[in-house]
């Protein structure tokens, strides 16, 4: 019988029916512009974007699961995890001579870092943004000490596998498409997935419905860590292990999740949308490079577009009246007992 | 640098005994604004090795390395320099996170009587001594051999560095001038590679589908990533400017890329040169305020020698000794030819 | 009255609320203790000035973050915003002071507009400010692609100001905390802001516009961000749009360390100041402690976790 | 004009010589309609509140009472019709003298009591020194209304007990420089009898000074004892207005709708003697802790056990112990399910459909190796939607349902699971009689199938559906009633005797 109103407001845009459409629409738009400017290689542009997008998609899927777990949940350690997993996987692969072991080691190290976050979040009630920040700091320390005098080189077999493009479709993109389908199935068809979505909508209600909330949240962070670790392992083989391999992926992973249509306040995950948003980001980078714009313009464009989509789609009524009512969903979740429609 | 805490014994005791003037051996501190890439790590490792040796040799009493955590954060570095000043070093070497942000704190250090040597970047601090790279040389080495290698004709991509920075402007200027000398060469795209392989890889990949056949990519130490981008796109690797680290050199060697590619980057050994400069300053020697030090150019003929001594993430560094340093100072003073330090042999 | 089984214990409740800040304060004192045992010079006026000065912009930015967290929002753009302000003060403010001042005022207004749009369009502040952070970064890079420029003389001399017998950085820390305290905790406007974070329905019922409260909060945060940027520029003597990028998460951590929460309704200006100084001092301690350079960020992370764990323990005891 | 200078009541002169009917109307509604989208909340209300009277307003859930109040208080504009204050069309200024205390408090939990006063009564506080003025005013008003309230103006609202919050909520409504109409929306729901008595005494004093009071409550008897007149709202319109004198509870219920009848306790209750023989599925042995003192109770298989007493005496703590049996003094041998009363916060999963909401607890049992079996789930959902006649069907979004129907889904969620022990946390607050009757029947049926039920209710009459009832006071069990002993009067008697023993 508390009268507190939870802080975050529910946001149901953009485009309630097909929230993933925005990312793909923006990506298509950028692609057309590229085509118009260069006048050639349209198919190849998509093919190359598809060979870069999967990395962002994997880490984005992990971030999406975390964000789906409800208000306040975010994993800001993904960047550091990617860098660390890159080194660990390359070291493990060259020590054992097996790329598979390397990938598993990368995933494992992601899980370990996420375990630190999860213990802090669940055991010490540290807010997730702080817990994952701290875990990320620890991870980047380990990265730095590993980077010193690091001698192993990425597995050449894995590298050429990542570069395989039968009929212009990157093998990795296909593999990650399968992974995306698995995530969709995880969310729709498993008890864990349903529980996660329930927890994201209302943690209290989920707890009262008999869902083991702590276990669900903990395993979600572990999953995100695993996916970030996988990203690191693949990225290190594709590019090269380096201490700042993952830095760029933190903000982008959050941004693609949101542009992809996943509810930032939790409870609705849109895995397909991550693809659209990732392709949009990759193609945008390409366009900016093609036109020769500076990074300043690139950032202005990125930020401007995020804000534009956000404010255009909005969350509430179109009327900005004096006593603006909350949207329906907002009423249902954020109000309180101070709600006056029901006695 | 597994032993970053280079100092010996209790800091307090040393700080008291180490201050200059009393005939004690000098205390050298190094503040590094960023430790997140291989170049900086090599730079620190070289310094620590040299400083350790200098301590054994009795040239210095104590040294200390402080790296600002996080992403090239000038604010963190300012805080760290301030706390370093509390420990009263005799000389302070700085690889700055930003060419301007440190100016006030450097002034503060000078006022406190600390000899300040800034390296790797030009900085507007009148009281500090500066060791810097020749960006004109860098850009020249990056473009000339490569253009010669592709026979003076064909199409190239220019991968720019940190667009907008003073060095980048200087380098782009030089590149353009050189390109003007090769009318047969067409620039088909200009991308922003940030002098970073991973960034360049993505940037080049982004434009590859929209450009015709590429013969060379003029960059600044991002060739490994550029080569990967071509591999991904299933195109032959053109002439590129490799990083000077073991990974890029081995790749270059192992894939038998023989098309005019070179490796060229600034010299992480500058930290060692800065150490010798600080010692000479403390010793009262006359050293010019501004000096330009040679950059590291690895051509195909020297490639294998370097590749055999470098670890993948270790960058080629000139092995500055006190002797070589003094020769270079002379060369700068007299305007003579810069010293060419020896290329390490596989034995070392 | 029979139904009041467990009469509320306001004093205990008050203690519980101030516990987090107290734990941070203990950590702060412990860190100063460690510093001064390693380096006796720390406890002198010059020592404190050296050690504290770098924390001033962080603390001011933390007050901005605290103001937004009081209305239940969060600002993921403050780091780049502060960076942008340093850029403006190293470029426009020098070339034409009037234009520079107008641009700075415009930036405050931009924050207010951001708050307005966030409110009217009912979008999550987290994402809107994340998007805005790209914009701030882009603007900063546009004005000054790489670090450089020089700050105006008056600003530089403020940075170099050293009164005798008093550690200068303490003054801005205390003055700003006091002003923010007066605004957010004591004034009517503060009641509106915290009311918004606490229960917007109640505000609306009482005929107060939540919109106004949110806009006031954002404008305040923008003004504090500008102040933080100016102080930072006065210390670094130039502009660098990414010089404060770590502030975004650090300010959130500072507010949490100071007893704030994500749910809104609470203003903890003194706590934010303590939390900010604590975090700012970590890197000083690290460099004094001869911590291995690659282990420094790990130590930083562990300290943050330890302080928050201490807070949980104290909270359990006080329950 | 500042609150400090004012007498307790309004400024209208007392008109003791005339009868209530002759007094001037304070607020008049004429043909007021209001629609929310397709929901027609008010369909044409004519109502007059006269100076110095207490008007009771009753009506079933969703009848439009709260909506009407918001319109009368000027919080929302009506679609058609007029609202007159003192006989003239009302401006925003006029509405300042119409004040409303919300049923569930609309205070800001993080603000202090005095700051909350500023939020609602800032017009009559000085610009400078408002904090002190608000503190003094609220302290004085609370002293007047609820002697011995124990609230300090510096307390944060979140630290206050529910009853004290309600006191503050009511006191803040009375803090104005001019009070013409005071609207009390279910004010006594969380107040104890003492406080309720003080409140009604204060209401009387207010009306003596000419202020009108509009009292909304589902407790018909209370309304009848306080009000001068009673108005009945049905489906958005006032269908009856009667003087309270001479009106009985059944009369009012009849006016509210013929279908409404007091749900009688069913005869299906298990024989009292049988209780002891049942196998114990859960028990507390001398449980002590925050809010609980030496509580020993047991629950048998197939038994419906009630937890009664005034609100907040330890009943919810018992439910909490049974829900999460982590301490050694608690044993629960079967799986559990929980039905929260606060459906907005702890019940519905707002983004999901009725079916998804309904099945979420049973999901685990139905699934094989963590994989769902949609066909089986659909069967269960269809079954329950039919059984409880949930309007809208399985595909409707849960938030599109009315409150009562949402509550049905949440109850169904618990019973659709294989749980052996179902915990009910006052789940029928604000649910209309019709729905309640259905759910009472459901509970008995499920108990008969061998499930055990522990049921906390703030409405003592509901306890008549239990086999056994534990009555709580101050964290202790003060009585255990069985079978025929269970009656509202008996429970009230036990809850209140030795009154004043605590606090």
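Observations on the structure shown:
Residue numbering begins at 1 within each chain, and the chains themselves are lettered A, B, C and D in the order written.
Please note the rule applied: a contact is a pair of C-beta atoms (placed from the backbone, for glycine too) under 8 Å apart; a residue touches a chain by one contact, two chains touch by 3 or more.
Everything quoted here is computed from the prediction, not taken from an experiment.
The chains touching chain A as well as chain C are B, D. Interface comparison, C-D versus B-C: the higher count of C-beta contacts falls to B-C. When every chain is reduced to the mean of its CA atoms, the largest separation from chain D belongs to B. Between the CA-based centres of chain A and chain D the separation comes to 43 Å, rounded to the whole angstrom. Centre-to-centre separation of chain A and chain B, using mean CA positions: 35 Å.
Multi-chain contact residues of chain B, defined as those touching 2 or more other chains: 1, 35, 69, 71, 163-164. Within chain A, residues 3-4, 137, 144-145, 148, 294-296, 323, 335-336, 338-339 each touch two or more of the remaining chains.
Within chain D, residues 75, 102, 106-107, 109-110 each touch two or more of the remaining chains. Arrangement of the chains shown, judged by which pairs touch: an irregular graph that fits none of the line, ring, star or complete shapes. Here the touching chains pair up as A-B, A-C, A-D, B-C, C-D.
Residues 75, 100, 102, 106-111, 115-116, 118-120, 122, 127, 130-131, 148, 150, 152, 154-156, 159-161, 163-164, 191-192, 194-195, 290-291, 310-314, 473-475, 496, 499-503 of chain D are the ones that touch chain C when the two sit in their complex.
Residue ranges on chain A touching chain C, taken from their complex, read 3-9, 11, 13, 71-72, 76, 120, 124-127, 129-131, 133-138, 140-142, 144-145, 148, 251, 254-255, 258, 264-265, 294-304, 306-307, 310-311, 314-316, 320, 322-324, 326-327, 330, 335-336, 338-339. Remark: chain B residues 1, 3-5, 7, 11-12, 15, 32, 35, 44, 64-76, 78-80, 82-87, 98-105, 124, 162-166, 168 touch chain C in the complex. If you check the complex, the residues on chain C that touch chain D are 1-10, 13, 186, 188, 191-192, 194-195, 197-199, 201-203, 205-206, 208, 264-266. Across the complex, chain B meets chain A through its residues 1-2, 35-38, 41, 45, 69, 71, 163-164, 189-192, 197-198, 201-203, 205-211, 224-225, 228, 231-234, 247, 250, 311-314.
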